[in-house]
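Two complexes, one shared chain (subunit A), two partners (subunit B, subunit C).
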Partner chain A sequence: MLDTSAKPTGKAADVTGPSGTPSRRQRRRTAKVGEQVPRHLRAHRTAYLMITPMVVLLGIFVLWPLAYAFYLSFFEISFYKDAEFVGLDFYTFVLTDPDFYDSLFVGLKLALMVVPTILVLALLLASFIATLSKRMAAFMKTTVYVPAVVSSVVAAIIFVFIYQDEGFANWFIGLFGQGPLAWLNTATTALPAVAVPAVWLGFGVSTLIMLAGILDIPESYFESAQLDGANFWQRTWYITIPSLRNVILFLLVTGVTLTIQEFQLPLVMTNGGPVNATNTPNLYIFNSFRDGTPYATSYSLTAALLLFLVIGTISVIIFRVVSSEKSSDA
Partner chain B sequence: MNRSWYAPRRLVSYLLVAGIAVTALFPLAWMAISGFKSQAEVLRSPFQFFPDVWQLENYRLILADPPFVRAMAITFAGAVIFTVASLVVNAMAAYAFARLDFAGKPLWWIVCITPMFVPAMAILLTSFVVVSKLGMLDTLAVLIIPGVASSAQMFFLRQFYLNMPAAVEEAALIDGATRWQIFLQIFVPQSLGPFVVVGIASFLAYWNSYVWPVLVVSNPDLTQIMQYLATFRSARGNEWGMLMAGSTLAALPTIVLVLIFQRYIVNGVRLAGIK
Partner chain C sequence: MRLRRLRVLVVAAAAAGSLVVAGCNSDSGSSGGSGDSGGTAEITFWQQQFEPYQQKWFKAHVDKFNASQTAVKVKYQVVPGDTWQQKLKAAQAAGTQPDVATTNYGGIPAGVANGQFAELDGLLPDKAWSDIKENVAGFVKVDGKHYAYPMLVEPSTVLYYRTDLVKAAGLDPNAPPKTWDELLTWAEKLTKGKVKGMTIASVAPDLGWSSWGLQYNACGHLPINDDWSAANAKDPCYTKLFEFYQTLFQKGWIPQQPKVGYPDATPYGQGQVAMMANGSWAVGQLKQSFPALIKNTAVAPFPSIDGDASKPTATLGGWTLTVDSKSKRKEAAAKFIEYLLAGDPAIMADFFRQSGFSKYTVRTSVDQALANDPAATSDPFMKIISEKVVATGKAEPAYPFDISLAFATAIESVMKGKSDIPAATQKASDAIDRVIKQQRLKGTAPKG
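Moving on to the complex of A and B:
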């Protein structure tokens, strides 16, 4: 038994080389000690080596910045003098700042435009794809997924181009006799104009998730409804939607939390303008940090943490709901 | 899934499929086609979909622009390293959490899974402070290393490993295999599908990232492709033909990746078990 484990050990150590931390030296020492200690302790050592890179990286690049952000939010940071402890002052500043609420409102409005559109579109597309032959369904699944892999910078550039004075959007409304619009420079049209690429980037993944849900509905439900003479809309309303209740709920909540956090699209398309009409919370935070006003650092950190509190709580709840359902399935 | 009652409506289906595909892909098609238009034609009024004269000038110009080519190359190299490193780090941790018992496991689980609930913006600004304290600004490392460990990917892979049968592992243990051997020789080869799914997610995350490179990189040699495009747009905003050609080329690797691996991605949605 010793022989068989000794030889491949060296090989295993070589293969793990690229991961960095569990070096060959450490592996050897483990193997030697392993002869005396019971097996379950050796599993400890292996497990620790396996999780070390993950723990170290997350510790340095996520948990430290997070703790640091909390710490800094209690101080007034300035380049000219030492940081001064101000307790919850910045939380009060943020929570009484109308600009913060305005940006939250913009985020909510954007979510209100984007999420229901995506849900309806995804439901219709998924129901339709479920009726197709295998090859056509495969083609459609890929087609709807392609926009999802395009970066929001590229999407922003394409849509700025589409909204040009001589662009496609104005040509299109011209067909209905409408005059050209300055889409991104008019307060009322700017946010809907940002919502369109957000829908375009987001509907593919939702469609695939809904399709997975629809394919899990027993076909006999649809067949008996068909025999009873239910049409497509009735089947969708009475069978598909109730059966997909959990999927829809999941997509609704993740969609809202993600859309509220959207900021790369408005950053590249409008930089929050005109008159803050597209200033989503994250863009507001990002820009107030770049402003470089005396209290910008602490202010934007505190605003980001408050936003995180809300969104993080929602995410934990979704996660609980989804994983508890999974365990009851299995 | 052919649901038979729809058979008579096949023609309608074909038309719908074509219509949806055209609509979904229209922005990309228009971007690519505008790259073939001359400067005069690209913003011509009235609007016209196809150019009168197809010309390669914009594509030629952008490919002759050294910063563009460098940005594509360095981003591609970074994305490949990033993807491989993520797979190594996240798969190892996923295996440990799924199949091994060790002291303090619940504590380490919380450490590794909490980051999943931390929105990027909450730590973006202090992450910048941390990497500058570590002296990592303006290096390739600062673009790659901070995002390598991903709670979501680790969680996804762990779900997969939890569902692998225990029998094979037990047999291998009795034969004297180490946990590393079991992981590398049994689990890793079985994970091709999940690896493709999270690998593509990593590649896309790196390739498409914009704000992080803007914050941490000012050296032109390290300019990432999305950073290049956004800078091009703000600095040379009227050269739409060239910008569209550049955007097309910048979107191409991700689209090709999806076309190659589409089978895995669609299955991946079911693997993720969101329903």
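Moving on to the complex of A and C:
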């Protein structure tokens, strides 16, 4: 709160000196105002100054476009005519379009297939790597990380070949007298078929993050448990997983939000088909945008903003349901 | 604290994603980015990427045009089809859109309604317009005014078949199927081992446009009223169309996982299928990439629902050149179009020769130029396609593709057993009605 006791009186002493330097009273006021700034803000002044450029850039390149996008969503945008104000029309259009909900449902189903699979695989693999010698662990870490550096477009093309009639997938099920299956052209198999490369691309990084978390758990916990006769599964269930709570939460939130927004894999592998079975929200928005009319531009913009709200809400729900805690050693 | 951090993260992530869309703002900026230098008007020309020979042809004639005079200089750029809309929208938002661009017939009415194209009537001489064939003239007109100059037409659906395989299956290659039922019989008999009986579109984006001709064939109309006031997708006359596609897919007479899209003739060229439904452009691909197959290939009009050859089975798609309404050099742009598409008939005749006579002229004078060309008159496919397919072809519909996609999704849904015909057509009908309402289409059907 500002110091209101120092009201201006109009006396000579309050007036700025002839040289333009602040009077004694003004200096006192400035000092008092400075003292009113909370101590923690004053203590971190340098830090705030250092992050200022980033905040400004964030404002210019993230917050302002976002706010402007919300503003534009109330217009039918044309590049040749004045934009027409249509109020909430496009929100109504998107929210009454069954295809929008279908795409969200597809995104959620994909996340449900991909994220838990990655978490389980990463946990098991990280627990295994943690038990290896230094040299073997280094080799395994490099190996599991390799898919992470493969372009998802390349991965998509590779998996398209794998799913072909004469591809590896059909050869493999053929060993059991099954198939061939039209993996990418049947509504029931297309989404799981897209989920497989998504898991392949994502589990390497998750394993390394999980491994870092495991290596942070004090070795004494495991030694004590082992002395008490706990086997690998018991140690994992009672020590590793609870200790990795925050890591798992991080992987869960980022995994769900990224998977719902999966775009390149379904675009290259199925273009959203068959019968929209792999039409993820971003692909739906992208295909809506690829039409030359002002309607298409405004519609896809509004759908993108609504998707932002949906994913934000899902993230908040996950945080609420799986609340994080401080590490036991923190 | 955690929540605040989360909010910042969520806002940052989503905003970054929105940047691309937000970048396409509604600034009604200035015209194209081309400039003038030393009395020469520079214009930009964007061509959507087509078959490789087309790029060569365009490049060669742009160079010739630039060398032929000093008043106009064309800056030529090829843009891949899958990035065309994004790139064009970004340029329109920035005010750097091209002066001249390739535009398909179906995109003209919507572009005119949006104010995107300049009227060309005063910019091209009358004789250029009178040279256009009567059945195509209406494709480039909206409310009686010309907004594009047509380049070619290409029917979307022709039947190609392997005469050697047909003979081997005990069928008569000189008596191709005339009805859909006969075609199904041929497809069944020609499916042997790894060779499928035929190939046809089987995914919604391809079905959306490649089935227009067959929709006309089945019902005499498309799944929307003539004045675009209501959906007409539940008409029982479509039942046979759905069953035709469904039988082909579910009996396994077409590839279950097509490796390429409908316009690509590779599976036929590589001997994976015995028959192929494809556009006339496939002739060019076969001649250039699979020349050995030509002697064993015959073409025929695609069969009709009941054998009536006068009913359309194909739509006539094709490309035009348009001038942007914001171009500051409309006269210069029109001069280029006049040179390339509407001037010396030999230039376009050269184009059709390059295409292997897989596309068809829209100008009477070019027809005359080709009539004296032995390569054209002796072509085994040209006569059949131009006289029996182009002659009965209908113009592509000008309504938004969302309508085509809604109906095509219904076809795909029935094909792949996702839903039955009544449920699929009801869904398509609802979707089409929604498009009509949201895009305010009622009463906006172009009258030519």
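The rule we apply is simple: the second predicted complex is superposed on the first by the 233 of 330 C-alpha atoms of A that agree within 3 Å, B and C clash if a C-alpha of one lies under 4 Å from a C-alpha of the other, contacts with A are read in each partner's own complex, and residues count from 1 in each chain.
FYI, contacts are C-beta pairs under 8 Å (C-beta built on N, C-alpha and C of every residue); 3 or more make two chains touch, one makes a residue touch a chain.
Bear in mind the structure is a predicted one, so any value in this text is a computation, not a measurement.
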{"item": "Contacts of A:250 with subunit B and subunit C, given as first, second, both or neither", "value": "first"}
{"item": "Contacts of A:294 with subunit B and subunit C, given as first, second, both or neither", "value": "second"}
{"item": "Touched partner set for A:53, first subunit B, second subunit C, both or neither", "value": "first"}
{"item": "Subunit B versus subunit C as contact partner of A:263, first or second or both or neither", "value": "first"}
{"item": "Subunit B or subunit C, by number of subunit A residues touched", "value": "B"}
{"item": "First, second, both or neither for A:72, with subunit B first and subunit C second", "value": "both"}
{"item": "First (subunit B), second (subunit C), both or neither touched by A:146", "value": "first"}
{"item": "First (subunit B), second (subunit C), both or neither touched by A:312", "value": "both"}
{"item": "Subunit B versus subunit C as contact partner of A:241, first or second or both or neither", "value": "neither"}
{"item": "First, second, both or neither for A:321, with subunit B first and subunit C second", "value": "neither"}
{"item": "Intersection of subunit A interface sets (partners subunit B, subunit C)", "value": "58, 61-63, 65-66, 68-69, 72, 164-165, 261, 289, 297, 300-301, 304-305, 307-308, 311-312, 315-316, 319"}
{"item": "Residue ranges of subunit A in contact with subunit C within the complex", "value": "58, 61-63, 65-66, 68-69, 72, 75, 77-83, 93, 96-97, 99, 163-165, 180, 182-187, 257, 261, 271, 273-276, 289-295, 297, 300-301, 304-305, 307-308, 311-312, 315-316, 319, 324"}
{"item": "Subunit A contact footprint on subunit B (complex, rising order)", "value": "1-3, 5-6, 13-14, 16-17, 20-21, 24-25, 27-28, 30-31, 34, 43-47, 84-85, 88-90, 92-93, 95-97, 100-103, 105, 108, 111-112, 114-127, 129-131, 134, 145-149, 151, 154, 175-181, 183-184, 204, 207-208, 210-211, 226, 229-230, 233, 240, 243-244, 247, 250-251, 254-255, 257-259, 262-263, 265-266, 269-270, 273-275"}
{"item": "Residues of subunit A that touch subunit B when the two form their complex", "value": "1, 4-5, 8-9, 12-13, 15-16, 18-19, 27, 40, 42-44, 46-48, 50-51, 53-55, 57-66, 68-69, 72, 125, 128, 130-134, 136-147, 149-155, 157-162, 164-168, 170-171, 174, 197, 200, 204-205, 208-209, 211-213, 215-216, 219, 222, 226, 246-247, 250, 261, 263-264, 267-268, 282, 285-286, 289, 297, 300-301, 304-305, 307-308, 311-312, 315-316, 319, 322, 326"}
{"item": "Residue ranges of subunit C in contact with subunit A within the complex", "value": "2-3, 6, 10-19, 21-28, 85-86, 88-89, 92-93, 97, 107, 110-111, 114-116, 202-205, 255-259, 325-326, 400-402, 409, 412-413, 416, 418, 431, 434, 438-439"}
